[in-house]
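Quick heads-up: structures coming right below.
Each of the two complexes below includes subunit A, the first together with subunit B, the second together with subunit C.
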Partner chain A sequence: MINGLNEDQSAALQELANIGMGQAGNSLALIWKEFVHLSIPRIAMVDASRLPDLILSFVGDTAVSASRQAFHGGFRGEVLVVVTARDRNGLAQLMGYEGQLDAAEREEVLLDIVNILGGACVGGIAQQVSAEIGFSAPSLIGEDLDPLDVINPEQLAIDTALSLEVCFQVENRSLTAHLVILLPNNEVGALADLLDQFLCTLEA
Partner chain B sequence: MNDEYNTILADFIVERLELGVFAVDAQFNIVLWNRFMHTHSGKSAQSLKGSNLFTTFPELPESWLKRKIESVFALGNYAFTSWEQRAYLFRFKHNRPITGGVEAMLQNCTFLPLKDEKGKVEFVVITLQDCTDNALIQQRLAEAITISDEERRKQQELIVKLEDAKNQLFQSEKLASIGQLAAGVAHEINNPIGFVNSNLGTLERNVTDLMKLMAVFESKEAELPEAAQQELSKIKKDIDFEYVKEDLAALINESKEGLGHVRRIVADLKDFSRVDQSGWQIADLEKCIDTTLNVVSNEIRYKATVVKEYGHPPLVECVPGQINQVLMNLVVNASQAFPERGQITLRTGEEGMYVWIEVQDDGVGIPSENLQRIFEPFFTTKPVGTGTGLGLSVCYNIVRKHEGELTVRSEVGKGSCFRILLPIFHGKMGESEELEAAHSVPQ
Partner chain C sequence: MSVSVLIVDDSPIARKMLRRALPPDWDITIQEASDGAQAIDIYRKGSVELMFLDLTMPNIDGYGVLEVLQAEGLNCIVIVVSADVQPQARERVLAMGAIAFIPKPVNPEGLQEVLRQYGILV
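Up next is the complex of A and B:
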């Protein structure tokens, strides 16, 4: 069960995330014309103070790059995507980049990853609970960071965060992206309400 | 408001907003092209309706942009580009042709999915926002930050330099105060040496007198009774009187010599630091060299043979205490340049209005990559705790204060030669006649 959500809501959220990522995987496979595998998302509610450790446990002790994107509408929050440095070039080819990437293009790829994965995941969930969600332009947190430096919990305005870990694999190019959805404390309630409504429509 | 009004309003907004708006279908055919796009591209909506985006604008980065738009169609989500990573989508002239200084309009783009009732994406709408002004402000800000960073770095450098200068000052002050201490000690030693010396003189006279007396005694010895004679000769034998007689004189002589040595050292020490007469003076540099050599003689005795090749240059207006410091540093450095033992040659000479001193050694020499750096404070190749690396930088500054020059020639394996060039006149003493008078004194 996820903190702040009851058992039904937790199960529903997991299910919606599965479906959302599944759909996203299919859509991406269509664009990229390569088989895309998205792992079943692992969802957990974590203490904000534990986020740096969580990210470290996702990726291990290696340099990472990270980007973020805000979303708003039916529920509000931010998506954070962490990837390890070596994953980027393969993905850039899929995105239609040609030749060696320059510094600006490397940043752009990072921004696109958070946009695509965040959109697929949060957008997927929102669509199924019939919530309208908009996204702001993504921004860069940094490249070649220590995993512990991606988030400074002291600068977060929240106590808990919804963490959603997905592994993302395209044929033989493997990219593991880790996604964390940060929801302000009061927004967990909003999400719970939406999940309840969704559950009602299922029963009806 | 009815639907018709809504449509008019929407059309108005799309047309009049200071924002590029256009839309394409899944085949990348243009279905919407607003006035902003028209104005900047020079192509009207009528002429473009239905034509393919990529055939009309072949300069667009096709493979990337296709993927981007396709992903919006497939995922139904927004997508973005930012001028910071991608300066522009369309190469438009920007709105600051005169004051701008950038080559094209910088753009932020948003890709929006336009969905039908079933949620399927029918069109992708792309908005294009002119960010040139913001970007310029941001760039200026970044430049300003770089400049202030640069300034901070320079300040940091200055602080380091200041620290160096302080250390040098400290070092030369330390040397000066060591000199003062030495002079103080020398002064203290002077008094006891004085009475030891005079006592020694008295002792010598007394011993001579005593010996005279003894000689008379000895000549009368035969007149004594047999028993007394025997007793005397036994004692003489026991104390080895013949030896004592000779040794006494030798002892006194050696003591006098030793004491003379001590007095010379004390005098040199006082001379070397010149506490009694600091400041600018008219000095004989060869005398400076001699006193310095006496002071460091212990340091170098076992490492070097000193050869003097004096050219008897004229007297020089200088601060002798400081010149002594320079000489001492150079001589000590030279003595440290020998793996075993070597020769230090000290030369003097005159050159126009200058007098020069050379301190040459046949030691290890200085590699050319170090030659530039040896005058830097803290540059040392000696083991930690041995050299501070301040010696030469202090020398350099002293010579510079004398408006002279300190230069070096060196060859690895052959040795080094440091040359001090000092102007004869400074006018620092106010009475240059005195100096000239000094120079005209026949030696």
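Up next is the complex of A and C:
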């Protein structure tokens, strides 16, 4: 069970995220022209105060890059994507970048990734619960960050966040991107209500 | 005569969504499996006529199940139902013996069309 959601709501969210990530896999496969093997997304609701530790536990003690994208509508929040330098470079290669990337190219890669993954995941969930949702332009949080410095919980007006870990495997390469969906306090309830409505359609 | 159906998916919600998409007046008996290993166990008991198979699962994924089924003679009809909508996924499972690939979320009309197309639903 995910904190703030009951067992059925959590199971529904897990499956809807899974459907969303399937769409993301297809988008990435079209861009990369490679078959993308997707893992089952690992999903959890965490206290916002634990986010820095969570990101550290995802990537270990290594520098990361992060980008963000806000969404609004039926439920609102922000999606963050965190990748290590190795994974960012691997993703860039698949996107057709060659050689050493300059700062603008690295930013482009990070914005594309949050756009594709965040859009597919949050958009997929929203579509399934019949919620209209829109996205703001993505932006870069930073590069070569200490994992503990990606998010400062004290600057967030939220208590909980939804974390989603997605692993891709492409040919012999294994790449991982970490998604964190930040939901303002009142939005967890909004999402729970939408999930309940969705669950009702399965019982009707 | 009742058709013996096995729904294989690690998500209880996905299994429920699929049950909901099946024709309501269809004479079937439904069993469920929450991973590939469990699906193979049920299949080996010999009662499964139609299997709806997810691809991304723990304890043997859908591809692994298809490999086992192929090696053991594929004595049931397999329809893959997956969120992995890459064309290569579809091609791969059809090459492995599945008769059809249905993307998630399952569209009831699309599912029924496939069932009719293959004479499973008359």
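Keep in mind that, in the parts below, the second predicted complex is superposed on the first by the 194 of 204 C-alpha atoms of A that agree within 3 Å, B and C clash if a C-alpha of one lies under 4 Å from a C-alpha of the other, contacts with A are read in each partner's own complex, and residues count from 1 in each chain.
Here is the rule we go by: a contact is a pair of C-beta atoms (placed from the backbone, for glycine too) under 8 Å apart; a residue touches a chain by one contact, two chains touch by 3 or more.
From a predicted model like this one, the values you see are computed outputs, not experimental measurements.
Chemist: Which of the two partners, first being subunit B and second being subunit C, lies in contact with A:105: first, second, both, or neither?
Modeler: After superposing on A, A:105 lies in contact with subunit B but is clear of subunit C.
Chemist: After superposition on the shared chain, which partner residues are touched by A:31: those of subunit B (first), subunit C (second), both, or neither?
Modeler: first
Chemist: Should A:63 be classified as contacting the first partner (subunit B), the second (subunit C), both, or neither?
Modeler: neither
Chemist: Which parts of subunit A are in contact with subunit B and also with subunit C?
Modeler: Residues common to the subunit A contacts of subunit C and of subunit B do not exist here, since the sets are disjoint.
Chemist: Spell out the part of subunit A that touches subunit B in their complex, as residue ranges.
Modeler: 24, 27-28, 30-32, 94-98, 104-105, 107-108, 111-112, 115-116, 119-120, 123, 127, 134-135, 137-138
Chemist: Write out the stretch or stretches of subunit C touching subunit A in their complex.
Modeler: Counting only subunit C, the residues touching subunit A are 10-14, 16-17, 20, 56-58, 82-89, 92, 103-105.
Chemist: Hey, which residues of subunit A end up touching subunit C in the complex?
Modeler: Checking each residue of subunit A against subunit C gives 8, 11-12, 14-15, 18-19, 21-23, 25-26, 29, 35-36, 38-40, 128, 199, 201-202.
Chemist: Tell me, which parts of subunit B touch subunit A in their complex?
Modeler: Against subunit A, subunit B makes touches at 63-68, 70-71, 74-82, 84-86, 108, 110, 119.
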